[in-house]
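Two complexes come next, and they have one chain in common, chain A, joined by chain B in the first and chain C in the second.
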Partner chain A sequence: MDVVLQSLAVVLQPSHLLMLICGVVMGLSIGILPGLGGIVGMTILLPVIYGMDPHSAFGLLIGMVAVIPTSDTFPSVMMGIPGSSASQATIMDGYPLAKKGEAARALGAAFTASLIGGLFGALVLTLIIPIARPIVLAFGSPELFMLALLGMSMVGVLSGNKPIKGILAAGIGVMIGALGDAPAVPEYRYTFGIDYLIDGVPLVVVGLGLFAFPEIVDLLIKGRSIAEAATLGKGWLDGVKDALKHKFIVLRCSVIGVIVGFLPGLGGSVVDWIAYGHIIQTTRDRGKFGQGDIRGVIAPESANNAKEGGGLIPTFLFGIPGSGSMAVFLGGLLILGIQPGPGMVTENIDLIYTAIWSLALANVFGAILSIALSKPITRLTVIPFSYLAPFMVLIITFACYQATRSWGDLIALLLMGILGWVMKQYGWPRPAALIGFVLSDNLETYLFISVQRYGFEWLTRTGVIVLAAIIIGSLVMGIFYQARKSSKARASGERNGK
Partner chain B sequence: MRKYFLFLGIAFFLVTSMTMVPTVEGADFSGKTIKWIIPFNVGGGSDVWARLYSPFLQKYLPGNPIVVVKNMPGGGSIIGGNYFHVRAKPNGLTVFGSSGSTSFPYLLENPKVKYDFAKYQIVFATPVGGVCYINPELGVKSVKDLKGFKKPLQYASQGATSLDIIPLLAFEMLGLDVKAVFGYKGRGPGRVAFEQGEVNIDYQTTPAYIKNVRPLIKQGKAAPLMSWGALDANGNIVRDPVEPDLPSMPEAYEMLYGKKPSGPGFNAWKAFFVAGFGMQKAMWLPEKTSKDIVATYRDAAAKVIADAEFKEVVKKSLGGYPQLAGKDAVVGFQQVLDVPKKDRGWLINWIETKYKVKIR
Partner chain C sequence: MESKFQYPRFIFSAIVIIAFGYGIYEAFSYAYLAKIFPLYISLVLFILAIINFIQEIRAWRKGAGGTARGAADLESEWGDLGMSEVLRRFAVFVAVVIVLYALVWLIGYPLSITLFIIVLYRFITGTRWHWAILAGLAGLGFLALVSKLLYMDWPEGIFKLPWPLG
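Right, the complex of A and B next:
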């Protein structure tokens, strides 16, 4: 306990606080820019931390990474463009709310959910550090494969009334994910001799291509502003109230966020979808999802902030990163002369608590600053889109080019954009394709390892059976609700059909 | 008379000073920016290595140029290597940082590789070590217990053409029945798989070994077997200074078979060991770089390595091994370049038949 308070004292020192705030401001800016996420932020900051004392460096790095999932909500809600890979699911309901002129409300709810989720992540990190090792060790390759399958089972929920289209779309995603070097054998797939394809298509390019590009095209065709209502409706305070009213959703999704962040190898980019899918599955009145249900904003936003707390656990205790940005953070630890491992709990416990306090404080600062910014920024939604479009095209092109800095990024963006636009026109669920893409590597790798190592015996492991039961249960529940819903009067709109 | 002596003195001083430092003249990098191409992502081992070195190189290169680390990841470092080969001008302003993952495809004659280390000038190199350990529940406490040991073992591998060639070939030479389970993303996940019991034999590079495996050994959950070894000044493989009580891989072979390892398999193993561990990371100047520039760089590297503050960095973040500059690096890497084509061919053939993959 002494260490906890000592670390708080260190964190509250002006020099450290200054670093933390620098990190937060930078994280907010990176989050607002579509396509740029934690990896880019870490990459920019890493050279700076050389020679810094570890506590200040932690303030800077963690302050930055903690608030990206807070501010990345702005483009997701207001333009239907993912601000980073962690808030793709926020688009589903956040953007329709903006169209209705309720952008401020969506943002207020999102920031409150982010704040609570982030604080919850920090709390769980504190409590779980002593018992984290056995939990992480309980998840072998077969269990990780089942978790990836659990993620895939969300496809059914996200594809609304056309499960076949959802499954096919997910299949397209898996196939795009299979391009490039194979995860377990020294082979290149479908690279056609093009060097760009050796490492596959980057996630940023697929995400922006599928979501941002079609949105820009359609808005230009309509030639209007984003908000279809002439006036901005409810304010951010209503959003805060919404989030507090649905406090159990916030807590449940925070737990999901921590778990997904905590398990190495699952990758943080699915956390928002899993939370979103979960909330649809467990809600009775789900007719409004996809058309601006505030719960569809609250769920992913609480999960993606909680994820960062979880992601620090495997990084510190095992030296294996829980996400892309944590991989870069790991390099930062080495630059600071810290070798992560089980010894950190005994030798560097003060640093771990510094990280936790930084995480908590950054979430508070991030939420306050974002709320303060939301009022002027929401006015962007009433500007005619033809003025905004060139700027948006510039930003997403720039963001994609950051992926590998080669021409291939731009060509791939164009191809993905056309694919996304076609899918949107014909009512194919793009989220399903994205989930397939994100999980394809995990599915293949862990299945491959499981079969190599255990033959068919892996199917009999307790963890595998439990996870299989959860998957089947959630699917059955989904089908049951779906059937009940369609037996009632058919809902007028179709989720995700837009 | 006095003037005469003064003149003699000055002349003597000039002559001696010129003979003492014959070539470290000419190259001056004042106001210049040096681009150091690292073919890996920010935050990776090679990136950290370059970022730890660059401020010191900046200090000791004449004219204090700015040294910028330029990350050019892709294709398992082949893309950055090829870029360097095609684009770098021999003016000392573009240098390359290679790693074992860059040398291996070169040695395995991967058709995508255009770079050719035989043509470049090495500046300095950083070694790293590896320690192999086993699950003690198998009844093995040390290498001696491996005599006649026939139980099946599993090893978590990144791929048959990765740095894992070193452990996999070592297991083969020691007569162990090890099944390589492919698909793990690196040594970290491999270690977790060991702790989970998914595999039962593993190795870690020394910094990770110290922090992560020693606690397991203390709890009786791992038993160290051997280190791969370390290179001495004459290019022999000796015990790793980090674990001087453990035999090196060649010693372990001798303990089991009563004779020193030899033959094409061992020749290939040694070349790959030097490329992957003994000189894992190295800085290179491009083809046709002038002698002046090469000497200037090597001189600066020697000064960096002698710097007291840098020694602390080596101890804390680079595994603590003596860094090799100039001649030591040239002699060391020559062993990689000298490996006979037929021994390399033997290894490629071994990988292709044992793991059913196509390399060439």
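Right, the complex of A and C next:
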């Protein structure tokens, strides 16, 4: 309890609050730009946190990532294009509400649901730490290696209708992570004689290349503004009342958000759809969904904010990121000299609680600022993207150059950008690649330590066997489920054809 | 007509096979402890990449789409734009970035990015000259401020210019 209160005192210090608010403001700004979600936002911040006090850096990083699912609602509601992958389902009912002149009501409900969801995620994270502590401490390198493998296999299986593509995308990330010096021996791998590759490709370059570059290109190709109209209509208070009236929907979907956030490979891309699907399945009067039912806004918005709390659990406790943005956060921890994993609960427990308090406060600030600044933000969304694009290019190239301050950063950014764009066009899941990249080093190190310390005996440890069974089970079930879904789709296609 | 623009999909899948194949080949030249991890990973992924390639060809012949949703976050939807036009615009953007890099190599980052902003504002968005120059100067001001406050650096060109231009 002392640690919890001490962390609160740290979070309430003016310097930390300032960083938190800076993160929140940046998160709100990035959230309204379509496609540029938590991954890009956090990656831009990585060069800034070098040498920073970890508590302040946490304020900045968590402040940003916590509120992106709040502000990404603006483009979803105003124009019907998602601000980030976590707000796709919000469009289904948010956009029809805006067309009816009830955008303010939709946004009011969304921000209230986001706030409650975000706070719920922080609460779950608080409760889980003391419970998980003894279990986490029992994990050694072999179990951590298997957990990392489990994370990778889930990324693959849960990557949609092509499990193989998901695994391959994660594998591309792992191999990019394997470039440069080997962790176990003094040997440089796949460097092609290029000095820049000796230390491997930095996370900033991979994150911005795979995610920011393709989104900027796509928006320029489409050549339009984020939204067409800047009228909010009325009904702010009605929206808040709607969210409070449907408090059980908010709570249920927050639970879904935490669970999805916890599972590696799911993350923001599907959490909103799962919550939206859940609310349709469990509602009797479902006739108005898709035409402007406020419950269709509340459900995904509460889930997508709650997932950040869930995502921090495996990131902190096992060093396994639950999503792409958590993968970048993991990289941020390493930059700050913090080794995520079981050691966190003994050596850096104060930092975990700092993160929790920051998460809770950021959600409060995010909701308040979103409501207070809704009019100027809405006006911002009608600016054609071609006006913003040159500044986005400036920010990503400048941020990228800070990684190693060499030309290699800029060249690697362009190459990663082309790779990311092609992956996006042809359905190769980029978050899987990013998670693979971040886990690559850990995977190899844990494997190396396991073999060095236990020989092949590590394969016979109970934890390893249990985790191996889960991996095999999840792979078999995932592939079986996908095969059944494909055969059903084929059968239905044949019936329609007749 | 558009079906030929499915070729990049197969080319990319083939490149993935080649990349993992090269991963196996190159791994053999490393010391034992350095080779184990990339070798086994590449080996498994090489086999999966071949299976994926065959699946893509089969899906294409059956006329099925090949996107993976879920973690594939935002899928691009082009509306009325044909894939050929999309690829052309993508190539133009990449070319613009390469030109920007060449300019950075010559005169350094701050002046290059300022000119980049001015040119894009003037000729792509059709802004008047004075607004375009103002936008460029805003970008330069942002760079100068951030680099001073956060001790950040930028690439210098072969022609050395005084701060904050180079």
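To be clear about the criterion, the second predicted complex is superposed on the first by the 270 of 498 C-alpha atoms of A that agree within 3 Å, B and C clash if a C-alpha of one lies under 4 Å from a C-alpha of the other, contacts with A are read in each partner's own complex, and residues count from 1 in each chain.
Please note the rule applied: contacts are C-beta pairs under 8 Å (C-beta built on N, C-alpha and C of every residue); 3 or more make two chains touch, one makes a residue touch a chain.
Remember, it's a predicted structure, so these values are computed and weren't measured experimentally.
Judged by the touch definition given at the top, the superposed model places A:His278 against neither chain B nor chain C.
Taking chain B and chain C in turn and counting the residues of chain A each one touches, the greater count comes from C. By the document's definition of touching, both partners, chain B and chain C, reach A:Val185.
Once the two complexes are overlaid on the shared chain, A:Arg430 sits against chain C while remaining clear of chain B. Contacts of A:Thr397 after superposition: chain C is touched, whereas chain B is not reached. Residue contacts after overlaying the shared chain place A:Gly331 against chain B, while chain C stays out of touching range. Looking at the shared chain after the overlay, A:Asp218 reaches chain C, while chain B stays out of its contact range. By the touch criterion defined above, A:Arg252 lies against neither chain B nor chain C after alignment on the C-alpha atoms of chain A. Legend: residue contacts after superposition of the two complexes on their common chain; A:Phe448 is shown touching both chain B and chain C. In the superposition on chain A, A:His55 makes contact with neither chain B nor chain C. Once both structures are placed on chain A, chain A residues 47, 184-185, 187, 265, 448 are touched by chain B and, in the other complex, by chain C.
Those residues of chain A that touch chain C in the complex are listed here as 34-35, 37, 47-48, 82, 84-85, 88, 155, 158-162, 164-168, 171-172, 174-175, 178, 182, 184-185, 187, 189-190, 215, 217-218, 220-222, 265-270, 324, 384, 386-387, 389-391, 393-394, 397-398, 401-402, 405, 407, 410-411, 414, 417-418, 421-432, 443-444, 447-448. Listed in rising order, the residues of chain C touching chain A in the complex are 8-9, 12-13, 16, 19-20, 23, 26-27, 30-31, 33-34, 36-38, 41-42, 44-45, 48-49, 51-52, 55, 66-76, 78-79, 81, 86, 89-90, 93-94, 97-98, 100-101, 104-105, 109, 113, 116-117, 120-121, 124-125, 127, 135, 139, 142-143, 146, 150, 152-155.
Of all residues in chain B, only 41-45, 47-48, 51-52, 55, 69, 71, 73-76, 78-79, 112, 154, 159-162, 179, 181-186, 188-189, 191-193, 195-196, 198-199, 207-208, 210-212, 215, 313, 316-317, 357-359 touch chain A in the complex they form.
Contact residues of chain A toward chain B in the complex are 42-43, 46-47, 50-51, 136-137, 140-141, 181, 183-187, 195, 198-199, 264-265, 318-320, 327-332, 334-335, 337, 339-343, 404, 445-446, 448-449, 452-453.
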